[in-house]
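For reference, the structure discussed in these notes is given below.
Should a chain be cited, it is by its letter among A, B and C, assigned in written order, with residues numbered from 1 in that chain.
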């Protein structure tokens, strides 16, 4: 199988998955009880007949559900029109866009920190197998795995705000909102410490565990014995022969983990009242704001699917066995 | 004519593996043999008899649960007395190793030429540009078009990989080459080619080879000396001629019987029922006793010592007691 | 029945080696103790979780710190935290275990079908697991649960949670069982059974199932911990049953009703610890079982050097 064939298949799979997500979204939207227009605008929202009429047209409610309404919805979603939020009375796409970057900042920081520390610690734990370091790393990752994200967030929030005087939530102190970014960086950093720490602790364990088993497996390969027989030192073997091979599975895992990371963001943003997509998701849930909920789901799902596709492409670039043959 | 000094002289090499706190597996016991310059020595026996362990013990590549004792003199230096760092300078530069399966022995994500180049640069034999030239020559020597060195191991066929492995082993012009079943994983046609290549290279470069194999046909074609191992002990050693024409130990005799036609060896030892002993449950007397056709009471309680039966021909069997060094075959 | 007898023998061997494994025993102890608390709840506390505890003047004790009575203090409404905790074990474990078992049944069933019959069915099921794997699970579940709630079907909130979790978390079991079945299918006794004309149902029941069962058990224990964690998360986000509070619901209440700013650590620490208790127990147990059934590599090439004994030194 050539690499272009492989990439094409991955691309087709991503498209198929996105299509399934859209289908789920559409079906869920249609099974909501009552008049669809009422469902769109909310039960208790007073709205002019004019807007109601425009909504009717927008959703093509005079036409059959399938294929007309489905195609129409698809067209709208594709053009970036995700409907209007019931609770915030603004276009969903606009709201999502305004929160997206805050979440990317949080997830990005948490991912980078947990990957760096996780890979290094996993490497050491696997290399020095069955030592105290290894046992400690394993115990830590098991406990981290068994701990609910939001509960760790609550504990760190309580401890951090009581003993360290860190802010209890939000992304900026009220007096700093709207000021130029470079003047509020220290305040932003103070707000980011606890949520980032929570994310990092939780994902660190998993990356560590994966890197550990990956490096143990790699170091059991015959070519490591060859490298040793060549006279290379342990460090040279780790760096030149083991690291690249052991890192390959990590690339895929990072992408697959993005789904979990998104879950983590929902919990953590809720606990720390961090103004991102996760918090928005939780708000939409409690306010039963379906257009917002589904818009957010669509955005999160499509981002994760695309990230997975990117990881597959990256993998082909890194592993010569996939690239040709 | 004065006797040349042996290149490698293994003396009383004993290797134990710690299985758990109380149990040890005895993989090698009191193994001694010599390798002279320009010679090929065959280590033969069934699998599990300690052939590969012997090579890995000499190179000190065994895991930390291994316990080594004895001496391994290489050019007069006891390798077992060196520090790990000193030992690294000997590996590959003086003693190189070819593995059974080159597929797994080459790093899948590094280009073949890089893997060969690495060995030369590691031992600081020459500057990088010159080393690249040498990689080309080496690939050429083993019959691989030098430009294919830019490819990855998975793009090579099985035979080519083993050739690349041989090229890599020759990179630092070692004086001794260990080959651990270099042809087992290959099909018959390719086997013959690789053996031919090894023979050729030895003639051209004049190195000594220790060849591990269970294939007596290969031994007859390539080797000068033969060491027969059973259950981690040397049961017989001598020249190819002595071993093939007057085998002294019952195990050697049976081993030879099971290869009726040296050019079409079979891999099963049909004529010796049973399997080699488990290393944790070795019989107290002669290790071959449970399977031996000629055993008697003494064999069960007393391990026979290696006795000289002819010049440079030794065997460990109670039946040989009292025989003169010049005795012929029994 | 020969294979089933072999299974019985295997299981008793498994138990013999399990008994000597400290981690596994700790895990089993954690899980069993939590189960005992859930079953014995009414005997472990004099209060009902919704009962308001009052002081001598008849006023509700809100955010009372732990003391002899009440042992773990009270929440914002004057309810006993300990009573909520032991009754919460019932909700949390019910949802976790039932969802876990649904996931196990669906996963094992589909895994056996896919592995045994192969072909388009296998292809379809594997692509389906691929798809489920890349769709972020929490958002999907939240949307599903929220929509089902809105549909106002007459299903209890806990049942909705059980179904949604159970029907989304079968993929890893299915993959595991499938690969195991694929390797069993190639073995000789299956080929022999087929050659003498045994039917598919017979082969699956007599030969395949006894072989994959231990692995399914180990995997189920791991799935249980996932299900319990997910339940706590969904309940924390407000999707639990407020009339039958689980540990996650307790944390939802604690968070929403300012237990943190009131310094009421006794309200938010115990439920979280309880969740860690059970899920850690399941993970330890599951990992140990899996390791026993499927031993991993014993060592690698950089673990150190062989020891060289000085002359005369023994071992």
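The rule is simple: a residue touches a chain if its C-beta (ideal position, glycine included) is under 8 Å from a C-beta of that chain, and two chains touch if they have at least 3 such contacts.
This is a predicted model, so every value here is computed, not measured.
Trainee: Which pair, B-C or A-C, has more C-beta contacts?
Mentor: A-C
Trainee: What is the chain whose Cα centre is as far as it gets from that of chain A?
Mentor: Farthest from chain A by mean C-alpha position: B.
Trainee: Centroid of chain A to centroid of chain B, CA atoms only: how many Å?
Mentor: Averaging C-alpha atoms per chain gives centres 54 Å apart.
Trainee: Centroid of chain B to centroid of chain C, CA atoms only: how many Å?
Mentor: Chain B and chain C have C-alpha centres separated by 52 Å.
Trainee: At what distance in angstrom does the C-alpha mean of chain C lie from that of chain A?
Mentor: 23
Trainee: Mind pulling the chain B residues that touch 2 or more other chains?
Mentor: 61
Trainee: At which residue positions does chain C touch at least two other chains?
Mentor: Counting only residues that touch two or more other chains, chain C contributes 299, 301, 303.
Trainee: Check each residue of chain A and list the ones that touch at least two other chains.
Mentor: Within chain A, the residues that touch at least two other chains are 221, 225, 228.
Trainee: Contact residues on chain C for chain B in the complex?
Mentor: The touching residues are 299, 301, 303-309, 311, 313, 315.
Trainee: Help me check something: in the complex, which residues belonging to chain B touch chain A?
Mentor: Residues of chain B touching chain A: 59, 61, 88-93, 96-97, 99, 101, 104-110, 118-119, 122-123, 152, 154-155.
Trainee: Can you list the residues on chain C that touch chain A in the complex?
Mentor: 127, 130-131, 133-140, 142-144, 146-147, 150-152, 225, 229, 232-233, 236-239, 248, 251, 254-255, 260-261, 263, 265, 268-269, 271-272, 275-276, 279-280, 283-284, 287, 296-297, 299-303
Trainee: Which of the residues in chain B come into contact with chain C in the complex?
Mentor: Going through chain B, the ones touching chain C are 15-16, 18, 24, 57, 60-69, 80-81, 84.
Trainee: Contact residues on chain A for chain C in the complex?
Mentor: Checking each residue of chain A against chain C gives 13, 16-17, 20-21, 24-25, 28, 31-33, 126-127, 129-130, 142-143, 145-151, 154-155, 157-158, 161-162, 168, 213, 216-217, 219-221, 224-225, 228, 234, 237-238, 242, 256, 258-260, 262-263, 266-267, 270-271, 281-282, 285-286, 288, 290, 293-294, 296-297, 300-301, 304-305, 308.
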